Each structure stands twice: as C-alpha cells, then as structure tokens.
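So, here come the structures, one by one.
Each of the two complexes below includes chain A, the first together with chain B, the second together with chain C.
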Partner chain A sequence: MAKITEKTRNEVREIVFAFFAEECEAELSKITDNTNIIRDLDGDSLMFLELIEIFKKKYNLDIELKTIGKYAVKHPVDTIGQLIEMQMLIIEHENRLLELDK
Partner chain B sequence: MAVKVVISGMGIVSSLGYDLETFWKNLIEGKSGVKKITLFDASACATQIAAEVCKEFEEYSKSLVKKRAAGQMTRVTRMCLVAAKQAVTLSALDFEKENKSRCAVIMGVVNTGNSSVEKDTSLQNTVFKSMTNSMPAWISLEYQLLGPSFAINTACASSAYAIAMGMQMIRNNMADIVITGGSDSIINPEEINGFNALYALSVANDPPEAASRPFTSKRDGFVIGEGAGVLILESEEHALKRGAPIHCELAGYALTSEGYNIMAPMRDGEGMAATMEKAITDSGIDKSEVDYINAHGTSTELNDRYETMAVKKVFGERAYRIPVSSSKSMIGHTIGAAGAIESIITVLSLKNNMLTPTINYTDPDPELDLDYVPNVCRQKEIHVALSNSFGFGGHNATLVFKKYPGI
Partner chain C sequence: MAEDKIAFVFPAFISDYRDDPSGGIPSFGPVFQSYLARAASFIDQELLAFHPESNPMLQDELRNQYISYIYSCSCADLLQKSGIRPEITAGYSMGIYASLCFSGSITFETGLLFINKAYEAIRQTLPNTYYAMGGVIGLKEEDIKEIASQHNLDLMIVNRNSDYSFIVAGSSFHVNVFLLKAREEGALNSKSLGVTIPYHSNLLAEAAKVLSATVFSSDVKAPELPIISVLNQDLITDAGRARNEVVNNIFNPFNWQATQMQMCRSGIRLFTECGPSQSLRKNSRFIPDCGRFVNWNSLLSQ
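Entry: the complex of A and B
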C-alpha cells in the first residue's frame, strides 16, 4: 500500500487535468472537479484506461484492469473529481482495491 | 396516400472539392480530379493514377472533427463525418428539436480505409478504424441520435442501397429523418494490385486526367476515386413542417441482384435494364418522363457496353434522345461512395437544369451510340433523372429523382 502524499495528489491532479485539456481540446482553466467527462468534455471511456496506463508506468503499480473494472461497476466515474479520487485509490491500494468494498 | 420523400441537405468531399459550390463548379467546367497518386509510392503498380481528395482537406476537417475522435477514425471515416456535418448544416436541422429516436443513419461502406496508407494508427485505435460500422456510429454519436444506425455493403452500389433503404424507412414510417450516403477510398497498394490482377483498372497513366473515358473506344478500365457523399432524407410532410430547404424529391428506387457472376454484369445489360424498369415503376412516373440518366459509366469494356444496351432496352427509340453522362470521367470511381456522390450530382443537375459532361469523349465507340453529353456541360431543363449504380457480385440499384415544385 503506497502512502499518498500531497505531492502525489498534486501530480495526479496535474496529469489528469492536462490530459483532458489536451485530448478534448478544452481550456485547462475551464476544467474543474465537477466537469462531467462525457457530457462536458465529449470524452470517452477509453480515456480512463489510458490514464491508468500512464499512472501504472509512473508509479510502477501492480494493478489489473479487471480489478479496476469490477470496482468501477460499483463506483461509476462521471466527473474529473471522481476520476482523480479513483486514481488515488488505485495508487494507494493497487490490486487490493476491491477489499475496500468488503 | 404514399409518403413523399425529399432531400433536404447534401454534403460532399471529393477530388473536385469539399464543398458543394466548388464541386459543382468544377464538374460543369469539365475538370478532372485524376492525378498521379500521392498517398503512397505507386511506382511499382501498373496503375499509378487516382482521383485523390486534396491534402488541404485534412486541415479543413480539423475545424469539424475533434482531435481525439479524429485519431480514432480513418481518413475515410473523417471524410464521411465531414460530409455528414455539411449536409446537416445545409439542411438547417436542429436535432434538439427532433425526436432523436426517429432519426436514422444508413451508410454504404465497402472499405473503412484502414489500409497500409493510413497514418498514425496506434494499437488502441486499430479496432475503431477497422469497424465497418464506424461511419454510421460516428454520425449517430455526433448528434446523439437514437434511431437505427447501420452500414450496408453491396460493393459499388453500397451507398445507392443505403439511400434506397433510407427512403424505405421513411415510407414505412420507421424514421422522420435519415442521414445516408457513403465514403470510400481504395487508393492503397493492396487494392490497386488486386484490381489490376482483375484487369479492372485503367493503366493509361499519362496523362492522368485523360484516363477515365467512359463510352469511348479507348476505355481500358476504371480509375479509382475517393470521397464521401451524404444526403439528408425526410418525408415531405416533415420537411415542410420545419421549413427545411427542399432540393428535390427522391421518387423511387429499385434494388436487384443478378445471380450471374461475381465480377461481370449480366450479358446484354439484362439485369441493369430490369433495375431501371423496376425503379421507374416504383416511382410512379411514366418512362417517357425520364429526361436524364447519370450513368454508372465506369469506363470498363463491359459496364459501358451493357449499360448502353440496357438504356436502349428500357427506353427503345427514345433512348437516343435521353442524355446519359458519366461523372466518373471526372471524379473516378469512388466505390462505396459512388451512389451517394452521383446522387448529389443528379440532384444538382435537376436543381440547376444543367447536365454534367462525360469528359475525355474523344474516340467514340461506334457500338455505343447514345448521347453521352460529350466533353462539355449542357443547359437543359430536366424534371426526372435516374442514377445507376452497379456493383461487383451483381448488386444493382437505380434511384429516381424528381424536380420539386417551386425549385
């Protein structure tokens, strides 16, 4: 279990915001935690997976996609803020993510 | 009372322009879009020419297709979406005011364009680029449409089939609006070598613009074109209610198969004639009303011979007085998009009372003796026009277009 520091949190936020601004051709300043990924940004579900790959490499995470898939079914992500929170949980708990629901 | 179907919008991407105005201007000036192939090094191919969409299209498409979605599409799919967006804009459609579950999308799709010339394909986008349903899917996604959305493949008749099916859905009250058409490109070494092995393509590489010469004695095969054509179909009642611009009526169609040969058309144009006959019957017009035919006119030995015979069989002595022209002499054969692009040309001909020419008509074939509108466009008031599309495998389609009163 990795400890989430303020530095990690800021890094994740920065990467997520920059990713959506770039991919969705949106103004960075207009993206907030409440921005809806599909409705407001015309994003797609694949973006979530692409971000996971980015974080897997960056933090050398041991996490399987099926684990994330099972967790996401019970905890759907609609907004940027929700996505950031889930990325934090993935970094923190990796493959033990599903234990959070027990 | 039968439901009348009208065309309220059109969009085009072609070798002669990616807006209707430029496209039409180039057509009536008899320009050719055929050039040396630039999409890949074709020096090892027997055929080294094609009617390519110009490179500036890519920059233009950026204003209409979002970057991320564009990366998930092939160039051919981008052409399709751009033509669809043009058509929707010109039809003044606001889907927020429509019942989206009654808005359908039907596209003629033969190739997705995910060939060796497609650039920047990540592994992640490979599937999206190869999905033959991607064109209708992206259009439905663009406008969040909820009605039927699907692709039809009947080779070179695909988009004519798509238009016919769209018409039928409106006739059957299954949809209020149908976005239909097609987009295609086979300008890649695999397809060119394959078609060359069938002796189907022209190898008259020099000069490129003279290679497509339908109905002449020098014709030696078709010239590949590429592009997209999209039309908006709706019931007359629906179009009038929302004050839509009406370009013409789609009066009828026929779809047939020949059950004869995977490549060659049925001898003496029997199948082609039967298709035109049925379309005329379906449209409720008398054949004496037909005053223009936009031919399939591929510039191949058999198509041009049999299509000529078919026109004579259907119209008898009157065949000699009906102008028949081939747009493929200028824009090449756009395969899955041909039916839609040539439908658009037919609609513009009706609207403008102007017939597009068969260019490169310099060596008449003495056995092909109809009026092919040789080399220059012709001003002529026309009221009813046919558009023919015939595909490998014996898939035939004829669409009947009729001038709309007041246009």
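Entry: the complex of A and C
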C-alpha cells in the first residue's frame, strides 16, 4: 500500500487538470473540483482509460482495469474532484481497491 | 510533418455531429452540397433536406449511412484538391465504400448503390428478431468471452478497436444483457451503439449472398491507391479483391487495431480521419507506437 504524500496529491491534481484542459480544449483556469466531466467538458470513458494508463505508468501500479471498473460501478465519478479522489485511492490501494467496500 | 507518410481513414456512420471539424472550412459546404445533390438525384431525394444540426435523418440507419459516405467523399476530395495524397486508405466498417470511391475503384454513385443494396439485402434476409450492437471499454477479449459464456449469451465480438475496446453484435436481448453484465464485471463503459442491424456478424451471411449479385454485376476497378483490408489486413489491389471486400465486410468481424498497426509497420506515421467525428483519433491513443492523427481541416489550412 503506497502512502499518499502531499507531493503525490499535488502531482495527481496537476496531471488531471492539465489532461482535461488539453483533451477537452478547455481553459485550465475554468476547471475546478466541481467541474462535471461529461456535462461541462464533454469527457468520455476513453479519457478515463487514458488517465488510468498515465497513472499506472507513472506510479508503476499493479491494478487491473476491471478492478477499477467494478469500483466505479459502486462509486460513480461525475466531477474532476471525485476523479482525483478515485485516482488517489487507486494509487494507494492498487488491486486491493475493492477491499475498501468490505 | 510534410515528410510523413499519411493514410486517409474513413470512419463508420455516426449520429452526432458535435465534433464536426468542417465548420471553419468555407470550401467544405459547396463540395458537400454538390455531393449531396448528386446523391439525392441518384438514390434518395429526401437527402436534400439534410442539415447536420438536429436532423432526424441521422436517426435513420440507411440515410445516416448515405450522409456519412457523402461527408467522407467530400472531405477526401477537398484534401486531394489541396495536394494531399495518401499512401494508403482504410475504411472502418462502412467506411469501405468511401475508401473504394476515393481510390477510384468505384464511382460515387456505385458506392451509394452498394450502401442501398446492402441495407435492402439485410432487411430482406435477416430473421424477424431485434438486433443490436454494443461497445465495451475496459475489458479484455477473454473477459468478454467469459461473460458471454457464463450467461449463455449468443453474441459475437465483431471488432477489436484496441486491447481494451471491443464491439459486439447479436440479438438485442443478448447484447443488452451483456452490456449490463460487462459493467458489473468491471467494464469502464458499455453502451448500445443505437443500431438495429448486427453488422459484421455471421447473422448477415445470407444478406451478403444477396448483395453479391449487385457487387459482382457492377463496375468495380482495381484501386489506384492501396487500400488495406480491415478484415485480414491484406492489400486490396485488384477488382476481384475489392468486390470480395465489399461482400465479406457485411458479415465478417474486422480488426481495426491490427489494421492501424499494419499501416504503421508499412511506414505510415500520420493519419487523418475523413469524417465528422474524431472517434478513430481518440481510439488510436490505445494502439501503441502507432503514429498520430491530425484533423483533416488542419491539413487544409497548411
């Protein structure tokens, strides 16, 4: 289990914000934790998949996509803030993510 | 970028033109309207009423295919007139018709005829049941097969977009159950494609036989530009192969991932999607070491 430091948290936030600003051609300054990914940014699941791949590589994560998918069914992500929180949990718990629901 | 070998890829039909990149290209409208008028005169007068914003025609599975074909032909035509010549072309699903037309294998009108006859043949031969197609993202091929097997679902994987993106087809009941189960089993997304025909599945084998009568009696030439088959990644180099591709495309699964990878292995580093969406560009990020996409409108403005 990885320990989430303030540095990691800031890195993740920075990557997520920059990612959506570029992919969705949105102004970085207008994206907030409350921005709705689908409604406000026209985001999609391919973007979510790409972000997961970015974090898997960056933090050398051992996690199967379907584990994340199962978790997301019970904990849907609508906003940028929720997405960041989920990424933190993925980094922290990797393939043990589903144990959080037990 | 000018030195990169480029491929034109022609997408399938879509019903959402929100990403349409033609808006900032004044020369696109007249070309599109010209093709639209030819299509209206040849196959369906109603096409003249088409407008990309809030048009019910996009919910009509046949007319939607005409519109996508017209759009793709217009787009490729503009690129060619701007001096951009691809090394190779490929057609994703029904994109084969625009690919053949652009490559000089068939006329614009013959492409419309094939679309029309394929649709008629499908409606004529498909058993009277409801069908559907669905897309699933985030599961591997073996996961999909296991879900189908566990729940006795009779469906086919009809396209592999990437290692984690697949299209399935079958009866609508089986496809819809699968899409629900796929989410439960960890798919990041699973959704119906909103069509009532199970394209690229063996359910359309009879339709392909009927279509072949039209295809084999029509004027089809050897492509002047290489076309890569999405069915087996071979080059379509003569009229016989072009005809076979049209017929086989209806009822056989295809592999877009393998097709794009094969183009990359042959030296293609740049792709442009000749259509109103960016679905192939978005998908390409999950095909490793496989060149990059540029919007067709940005090529025109260079």
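Operating definition for what follows: the second predicted complex is superposed on the first by the 102 of 102 C-alpha atoms of A that agree within 3 Å, B and C clash if a C-alpha of one lies under 4 Å from a C-alpha of the other, contacts with A are read in each partner's own complex, and residues count from 1 in each chain.
The rule is simple: contacts are C-beta pairs under 8 Å (C-beta built on N, C-alpha and C of every residue); 3 or more make two chains touch, one makes a residue touch a chain.
If you're wondering where the values come from, they're calculated on a predicted model, not measured in any experiment.
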| query | Clash or fit: what happens to chain B and chain C when chain A is overlaid? | reply | clash
| said: After the superposition on A, what does A:L46 contact: first (chain B), second (chain C), both or neither? | reply: both
| task | Would you check which partner chain A:E85 touches, where first means chain B only, second means chain C only, and both and neither mean what they say? | result | neither
| task | Applying the touch criterion given at the start, work out whether A:V73 contacts chain B, chain C, both or neither, answering first, second, both or neither. | result | second
| said: One more residue to check, A:L65. First (chain B), second (chain C), both or neither? | reply: second
| field | Between chain B and chain C, more extensive residue contact with chain A | value | C
| message | Tell me the contact category for A:C24 with respect to chain B and chain C: first, second, both or neither. | response | first
| Across the two complexes, what residues of chain A are contacted by chain B and by chain C? | 42, 44, 46, 50
| message | Could you list, by residue number, the parts of chain B that touch chain A in their complex? | response | 66-69, 124
| message | Quick check: in the complex, which residue numbers of chain A touch chain C? | response | 42, 44-46, 48-50, 53, 64-70, 72-73
| chain A-touching residues of chain C, taken from the complex the two chains share | 18, 137-139, 143, 164-165, 183-189, 282-283, 285-286
| request: Going by the contact rule at the top, pick out the chain A residues touching chain B in the complex. | output: 23-25, 42-44, 46-47, 50
